[in-house]
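Here the chain labels run A, B and C in written order, and each chain numbers its own residues starting at 1.
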């Protein structure tokens, strides 16, 4: 049974559909990457999965259980974590407090998970008493991912984790995504840096106009000349 | 030296008293602002409601404080706080929550809170009348006169019993709030929600719980502020709009959404008020001989008469909005 | 850019059933009042309602057109009332015949000089004085000069109060006072708007609430100017008074004046509403960011509309004070002069002039008629209360007033929740 299985998802804001039938499935230990041109509905799909957007048609299953249109806090309980693209930290809270908020629903986990997150992201341990608003962009992204990991999710949704970061940090973030995945967390991320993202992807989904254009393994999509021509800039 | 004592009595003590009351009121307003993003105009009447509950309870159980040796009003204060907190949560459920659910602009909530303030005002005055009443139903107000150990000082420093309680309770309330916000899980969640409500929700924080907790705290603090004000002078049911302006001024001075700033802002506004109505000619009296005549001739050197006291918070408000709308401690919401 | 509203988009021109029914209801109510209470009383009610309609139009352009919430209508109303009094009252010889006007003028001159000196001090850095020192000098100068001027001022005003009562009026035609009242209210509105309109909308509400209380405090305590709590009366009317032609006719004449004012205001407002200026205002209200992106000077437009609303409030307040023939600063209450107007606007239909007019008349009739009703309800509540062992309340009138406070508050919250667009909602036209 796939970890996440989205079938024929339609949805959008105020009656206007942005998603017109998206299919997506990833297994428990996989990294899924969504790429595509601007306005294709990549981030919208992520929001639909996390209950921030109404699904008008189709279904989304988490380990076989329908979860579409559940409120976010229920999804967190069910093992899903979400890292938005922007405003993804609490700026006036310290790093440690940010992480604690991630485990709000599982307060017993705090100590153990804090240690694990500090292991994933060593720089955060040094800055744990600093307000997250004072950190650099890359470190903030770590706080954001760390916060989502605190609830021990089985599936982590990342919305453009490398947006606005320098290439140096970008590689670091991709490395950390792989590291988190190797610890047994399924990942579904939206990325602008399609080539790099597909290189670490088990599954790749190329969206256009709210529908799947290509769906395959990351490596196969990278190798496909048509994908390369239309979506990866040649 | 007698002039100095006069200054202590009329500025230092009076300013601290007013400052404490504004501070506690402003903390509530700033918390509500930071969680629900609107200026809560019913806060003044919530304070009055809290004091009125104390008055009712004290009238019902005038001997409640005997066992502890403190005024009955203080012993019954926690109960009044609980009632006011209940009222605040109830008001939110009945009036503000439906508006929020409609996704209205914050200013519509402001108007809603004005409606609520009128309802509270009407109800309180319906039952309490409009005249002042003492909260010391069965107790006697102790007055402490501390003579200063200096030669030639005849006038004592005067502190009343309720003022001492007021300082202690303010201190306890501020420390308690600090511990709550920085140590407890709910307090941190409150700060998180004030920082970034969407992310708080995405972290699994139940925003309805946080809203309710905010009202409980704001209501409880409002009851404290109202009671302390009424203990210091008398319970007056018609203060609300006159309390509202200094409290809002304190909130904005401290930076909206900034509880510690609100405390500081409360004292700034409180002291500004007392300094502005203080008659400075008293302090000039010792230097009478060396000063120009026009300055000493006049018996009244106050900046504003007490009847214009409300100008002071307004002036502070305008000044801060013009020069630093984020407040002295950079608030979150402009 | 405009939010689409299903009920109004491209609606074909239909028979205005709702409007006709509501206005017919108001008309019936007015006729009923005429039948029961007599012509003199009912005409008075209509004149007051028409004055309130002017206030309500002022608030509807601020709140309805532009989304600015003014919580201090009372202050602007009081300013208008003061001007009506000050310009129309006969000249007080006891004041003008003495040397007091000269002394008052002297103090005002001192004040101007003091302001110039302090202003000059704030510019000292231009000639090389360090900024910190400049600020210090300016503050100290400001404090000392302020105390000097205020002291001199207190001396003169005490003299005026002791020897002449108050400075009296200017003996000018009533209309002058009304116009200046509108202008003065607009001026205060400009100051408040300048400070608050660029910031969160809540701040405007706070500041207007504050300025209203300050204006009231000033008018109440400046005995030399307004006789304070002693009140000034009788104020002259712009039309022949009851003493000359009888109550009903005089009030009917007064009503024709206010009705004509409403007609003119109404006409001008509808023109403005449909003009590009009005569209711009609504665009700013509905979506400030995209309006700004289109290069519209948002704050200037906002200020225009806020000042305009305040001018109308001053005008209405002046007409109201003249009609009551008495200027009583203490009679200005937030309930009667701010929240009643608010209810008129949000119940009638913010942004819809016709709806606002309807709301003003309908709410005022209910308001006036509710006093006896409230007393009756209070009686019932009291007999109920006695059964429960409450003390018998002493002054029933004050209690009845409090019951009305409660009802107005309840009405505001209920309308916001169940009829947020009022009974006659604003019709948004879409141009493609």
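Keep this in mind: contacts are C-beta pairs under 8 Å (C-beta built on N, C-alpha and C of every residue); 3 or more make two chains touch, one makes a residue touch a chain.
Since we're looking at a predicted model, the values are computed, not measured.
Trainee: May I ask you to sort the chain touch graph into line, ring, star, complete or other?
Mentor: line
Trainee: If you tally contacting C-beta pairs, which comes out ahead, B-C or A-B? Let me know.
Mentor: Higher C-beta contact count between the two pairs: B-C.
Trainee: What is the distance in Å between the mean C-alpha positions of subunit A and subunit C?
Mentor: One centre to the other, that is 55 Å.
Trainee: Using the average of all C-alpha atoms in each chain as its centre, how far is it in Å between subunit A and subunit B?
Mentor: That gives a centre separation of 46 Å.
Trainee: If you average the CA atoms of subunit B and of subunit C, how many Å lie between those two points?
Mentor: The separation of the two C-alpha centroids amounts to 29 Å.
Trainee: Quick check on the complex: what are the subunit B residues that touch subunit A?
Mentor: Going by the criterion above, the answer is residues 185, 188-189, 191-192, 195-196, 198-206, 332.
Trainee: Would you tell me which residues of subunit C are touching subunit B in their complex?
Mentor: 67, 69, 71, 146-148, 150-151, 154, 195-196, 199-203, 205-207, 209-211, 213-214, 217-218, 220-221, 334-335, 339, 342, 346, 393-394, 398-399, 402-413, 416-417, 420
Trainee: Per the contact definition, I'd like the list of subunit B residues that touch subunit C in the complex.
Mentor: Residue list for subunit B touching subunit C: 38-39, 41, 95, 98-99, 102, 104-108, 110-112, 114-123, 125-126, 129-130, 241-242, 244-245, 248, 252, 280, 294, 298, 300-301, 303, 305, 307-308, 310-311, 313-314, 317-318, 321-322, 325, 333-334.
Trainee: Mind pulling up the subunit A residues that touch subunit B in the complex?
Mentor: So the residues of subunit A touching subunit B come out as 50, 52, 72-73, 76-77, 82, 84, 87-93, 97-98, 100-102, 104-105, 107, 147, 151.
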